[in-house]
Amino acid sequence: MQLSRDALLQAYRQMRTIRAFEERLHDEIMKGEIAGFTHLYCGQEAVAVGVCEHLDHEDMIVSTHRGHGHCIAKGCDVVGMMKEIWGSTEGLCNGKGGSMHIADKDVGMLGANGIVGAGAPIAVGAAMSAKLDGKGKVSIAFSGDGACNQGTTFEAMNMAVVTNAPAIFVFENNKYSEHTGFEYAVGTNNDIVSRAEAFGMKVWRADGCDFFEVYETMRDVLEHVRGGNGPAAVEFDTERFYGHFEGDPQRYRGEGELDRLWAERDCIKIFRQRATEASLLKSDELDGVDEEVLALIDKAVDDSRAAPRPTPEDVQRDVYIDYF
Amino acid sequence: MATMLYRDAVLQTLHAEMERDESVVVLGEDLVGGMGTAGGPEAIGGIWGTSVGLFDKFGKDRVIDTPISECAIVGAAGGLALAGKRPVAELMFADFIGVSLDQIWNQIGKFRYMFGGKSKCPAVIRMAYGAGFNAAAQHSQSVHQMLSGMPGLKVVMPSTPADVKGLFTQAIRDDDPVIFLEHKALYGVEGEVPDGEHLVPFGHARLSRAGEDVTIVATGMMVGMAEAAADSLAEEGIGCDVLDLRTTSPMDEEAILDSVEVTGRLVVVDEAPARCGLARDVSALVSELAFASLKAPPQAVTPPHTPIPFARELESAYLPSPDKIVAAVQKTLNWR
Amino acid sequence: MQLSRDALLQAYRQMRTIRAFEERLHDEIMKGEIAGFTHLYCGQEAVAVGVCEHLDHEDMIVSTHRGHGHCIAKGCDVVGMMKEIWGSTEGLCNGKGGSMHIADKDVGMLGANGIVGAGAPIAVGAAMSAKLDGKGKVSIAFSGDGACNQGTTFEAMNMAVVTNAPAIFVFENNKYSEHTGFEYAVGTNNDIVSRAEAFGMKVWRADGCDFFEVYETMRDVLEHVRGGNGPAAVEFDTERFYGHFEGDPQRYRGEGELDRLWAERDCIKIFRQRATEASLLKSDELDGVDEEVLALIDKAVDDSRAAPRPTPEDVQRDVYIDYF
Amino acid sequence: MATMLYRDAVLQTLHAEMERDESVVVLGEDLVGGMGTAGGPEAIGGIWGTSVGLFDKFGKDRVIDTPISECAIVGAAGGLALAGKRPVAELMFADFIGVSLDQIWNQIGKFRYMFGGKSKCPAVIRMAYGAGFNAAAQHSQSVHQMLSGMPGLKVVMPSTPADVKGLFTQAIRDDDPVIFLEHKALYGVEGEVPDGEHLVPFGHARLSRAGEDVTIVATGMMVGMAEAAADSLAEEGIGCDVLDLRTTSPMDEEAILDSVEVTGRLVVVDEAPARCGLARDVSALVSELAFASLKAPPQAVTPPHTPIPFARELESAYLPSPDKIVAAVQKTLNWR
């Protein structure tokens, strides 16, 4: 099934929103406006959007330290996210969480996570819940190529197979965990999902820089999992355009590596090319989206700057629902 | 009132709460037992016998037998809770928080706060703790001191079958994550348990002996020892308040301070060593907030700063005992 | 290469020693003489002995909660072990450890372990050390079919591959983890080592009830690993004859299951049959070993009963080498 | 005496000890950096810059870059140590003890005891701890209170570059397992460091300010705050002893008690919450053992019982500060 024009425009809008959100963050962080540790998702947009465009708010996802893209793709409010990263009480988490801990259960976004590998078991629990509810909903754990070496990820995969839970393990292989190369740290030296396969799971592999490929692969994955056939894993080959964290000098990159990636592996460029060449969308329509998106991000930043700041009394709020 | 074992109070509460609320789900290793065997499911019903009959009644999606993967067990409980269920996970031995601590400490205990109060995580993590079976250094530990220091968690330590029912029911219905610590040596202890609905709110200590000379604070297995000490002291005309804290987070600080205001003397008994432990916490609390009432230095009766040894003689020497508590009471009475 | 008569007799003696040690423990535990949790290795003797007969004291092993067999096979003093289980100060661990924590670094036995899955990372560290020493020594992690679901085991396998450490993961698949069947808990539903394979490791499978097969398989495994070709994993199909722990009613067993195992899968019976049928050893030679072994175990128990008991002062000894 | 950064004192000690003793081995994530990349090894030398140049000098078998597998990292350190090496493992953030606690707590901390004193485990586990960077609830924590309560471990918290050198050298040469806690916010702090061999024995507090009115006990990052408070109080004529504990296990109880015997007043500053924390431990210790000397109730300056919040204003409000310490000192002086 082809995507409708509206759906295509929506997908593009989502990808562009993630990109614009992050590039603006990159600038603001350089200016020193933003506190804390921030990891940019830039370059991987086609994965988050290609996965989440299949989901509704009752499907659940669990994210990572590099979570902005997943949050936006799943429907978190972009202004609320920006305010959160700015530390305002109007942020999605009231300024308590920041970049690494954005969540919005109302849209099925159960939480970003600062602990590598911690999300997968949580996603399996959410999948158990979905199974119990019997509405064909799924739960997705996003993980990196680094996270696939964490024991928790393996335990989660086995647990999902054993309980036949509708969990999907999406591995975004951007070939780096911090400053270390995938080929060094991942013992198999070829891929990640062969591990998932060894747990008895059905697996897929696809190019994560091509939205259409991600989207179509996920259609198959979701058909399998929603059909009650147990968990699945999929590995997307993708690229990270900025440093591991903001401030990373990226000395582990080869000469010209980043230039090549920007030229050849930019999922937004690739989307535009494919969509316009096939006459699905017109360049100026896409430019129109770009403008709207940039305006939204401007507004998000302006609102964030003006948003109320927390007070010392806020520290003790929301530890418990009720303690005594 | 029915009479039942501590262990059975756990089991019956699970049956009752799972019947009452279909969002209650249990998970853990060998919780069913016999999965994937010729003997078939329900071969054991939990190694403590605290899940017998659940599988037959509630089926495999609500009674989830898991592989040996504690991190995934607690993590799954977290995910179930975020998704709207009320999971009760069993860790078998409290010592296994070692392999699952991240999910307890950094995940379920922090979701609510990190997410600005917009999520809730009504998960209960049950585990059997404590020494007394010569199970050595990795199967005998008390962990309430570590877990009570983790903001976001509630920590419960029932010492009687009645409190198991009241506190466990509360734990399951509570909307915050709760660590429920069952003492291995109490599973076989019998006691009266109120019929029908019985809830014990958290943060309310139980006065199990009353006296005006010394305040003894204890939890779990230590409560019985404190009572034994108090009873033998009573014969000598020395009266002790024995306060069973029931929950260490929240802690009923008021009850402790009120009692010490009367007695002026404090003995804290704990099954974990003193360093950064509960005994020192309670002593300091009293020293900070009831300084003027104190007639003598607080006394702590705790094991030494060592792992838990195997041999019978060593484990007995390691643990607090009624005699050691009596000695501490006498020390505080004889001070100066 | 055939094993010499002496080597065969030695292997048999080791297997018989384990069996006799454990059957005696079984009786003494029933009598209430022994405290603590005890897990009997009975039925799996061919694995421990078939593996350890290839090793010397500079090769290292790390064991599990079911560790008596590994200890004896690796050369721990049997009387010292019995005294340990009895809780005497003359025990191998001075009565501090008991059944689950027997160790003797002088024979390369780094420790049994009460935490399922905890041994594998430790074994990898020992393998890193062996690699550094450059003497061709190896380090072996024994694990069960249950332990293969613990995240630590996976992390250890990947770490061994990445560091090319001379580690060997010996999985003893006795088909049960406590009361739960292997087919339920291990997601793959066929075997364990396919997981190891997915980490890029060379793997072997063999019948763990046949000493000769274990021994020969391990010859190949060790040749591979000692040759600097990286870690390896091997899965032995084996049987546990007693309950998970002493006191286990074994309701998970099928009707007649245990009788069949004793009849068809007893590694000691199988060894005797094969060795005598091939005229490698004579029945009465083997009976002679049996007698010597039983005498040794009698002595171990008598000595343990008479051995000195710890005093309260011993509690505080050996926490640190020096604290202040 | 050379002047150097706290961070560089870590790095240079590693260089020196690895040169001195070839059994010293380091391992951790991104410790080399650039492994398996086109940029090649030594792209980073540790995210804290505390292992720069080691790989080139000592090679891949002694400078082991690991996958993201903290349990295996600590476990491997344990195995290396049992096999006769002196591993120094880096956990990057102290918060990651959550995923590796079993190996820290139940394995390396207990080997010696469980094995009857016949094994030794000279492993050092380094980690960066502490708040101040708006890194929120999972990247800012202090963990000394948990780890100090685990018998078998030694816990070290240097507050100056000189002590980094002295204590880290001691940690590497020590035959027991040592947790070495480096405060993130101190990495960039400069100080004088003795040339040549410099060892600081464990269990000896450092008196960094002397005064007779109040005793202030602190560790790590809190020492600087205590000093700032003491300096401003000195201007008002109030004299404080500031005791930097340096190691929390072993703890220099004598130094604390001796000081309180003179001052009669105690303020304990800690970066972890009060419940089962170090501040309460020290207060209780003094209340139990120097009761007669105490002129006022001990005061604890600690964060509240909450996870660590993200926003700047919240994190500042969460943390102790010189002002809060001054207020506590005044409170104890003004008592009654």
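The letters A, B, C and D name the chains in turn, as written, and every chain counts its residues from 1.
Methods note: a residue touches a chain if its C-beta (ideal position, glycine included) is under 8 Å from a C-beta of that chain, and two chains touch if they have at least 3 such contacts.
Everything numeric in this text was worked out from a predicted model, so none of it was measured.
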Those chains which touch chain D and also touch chain A: B, C
By mean C-alpha coordinates, which chain is most distant from chain A? C
Inter-centroid spacing, chain B versus chain A (mean Cα positions, whole Å): 39
Distance from chain C to chain B - Cα centre to Cα centre, in angstrom: 35
Here the gap between chain A and chain C, centre to centre from mean Cα coordinates and rounded to Å, is 45
Which chain D residues touch at least two other chains? 66-67, 69, 71-72, 95-96, 98-99, 102-103, 106, 113-114, 136-138, 151-152, 304-307, 309
Give the residues of chain C touching no fewer than two other chains, as numbers and ranges. 93, 95-97, 101, 113-115, 118, 149-152, 155, 158, 162, 184-187, 319
Listed in rising order, chain D residues that touch chain B in their complex are 71, 95-99, 101-106, 109-110, 113-114, 136-138, 145-146, 148-149, 151-152, 249, 251, 272-281, 283-289, 291-292, 294, 296-300, 304-307, 309, 335-336
Enumerate the contact residues on chain A facing chain C in the complex. 149-155, 157-158, 161-162, 184-189, 194-195, 197-201
What residues on chain C touch chain B, complex-wise? 35-37, 87-88, 93, 95-98, 100-101, 113-118, 146-147, 149-152, 176-187, 250-255, 257, 309-312, 314-316, 319
Any idea which chain D residues touch chain C in the complex? 25, 27, 61-62, 64, 66-67, 69, 71-85, 87, 102-103, 106-107, 111-120, 151-152, 154, 175-176, 201-203, 250
Per the contact definition, I'd like the list of chain C residues that touch chain D in the complex. 60, 62, 91-97, 101, 103-105, 110-111, 113-115, 118, 120-132, 139, 151-152, 155-156, 158-159, 162-163, 317-324
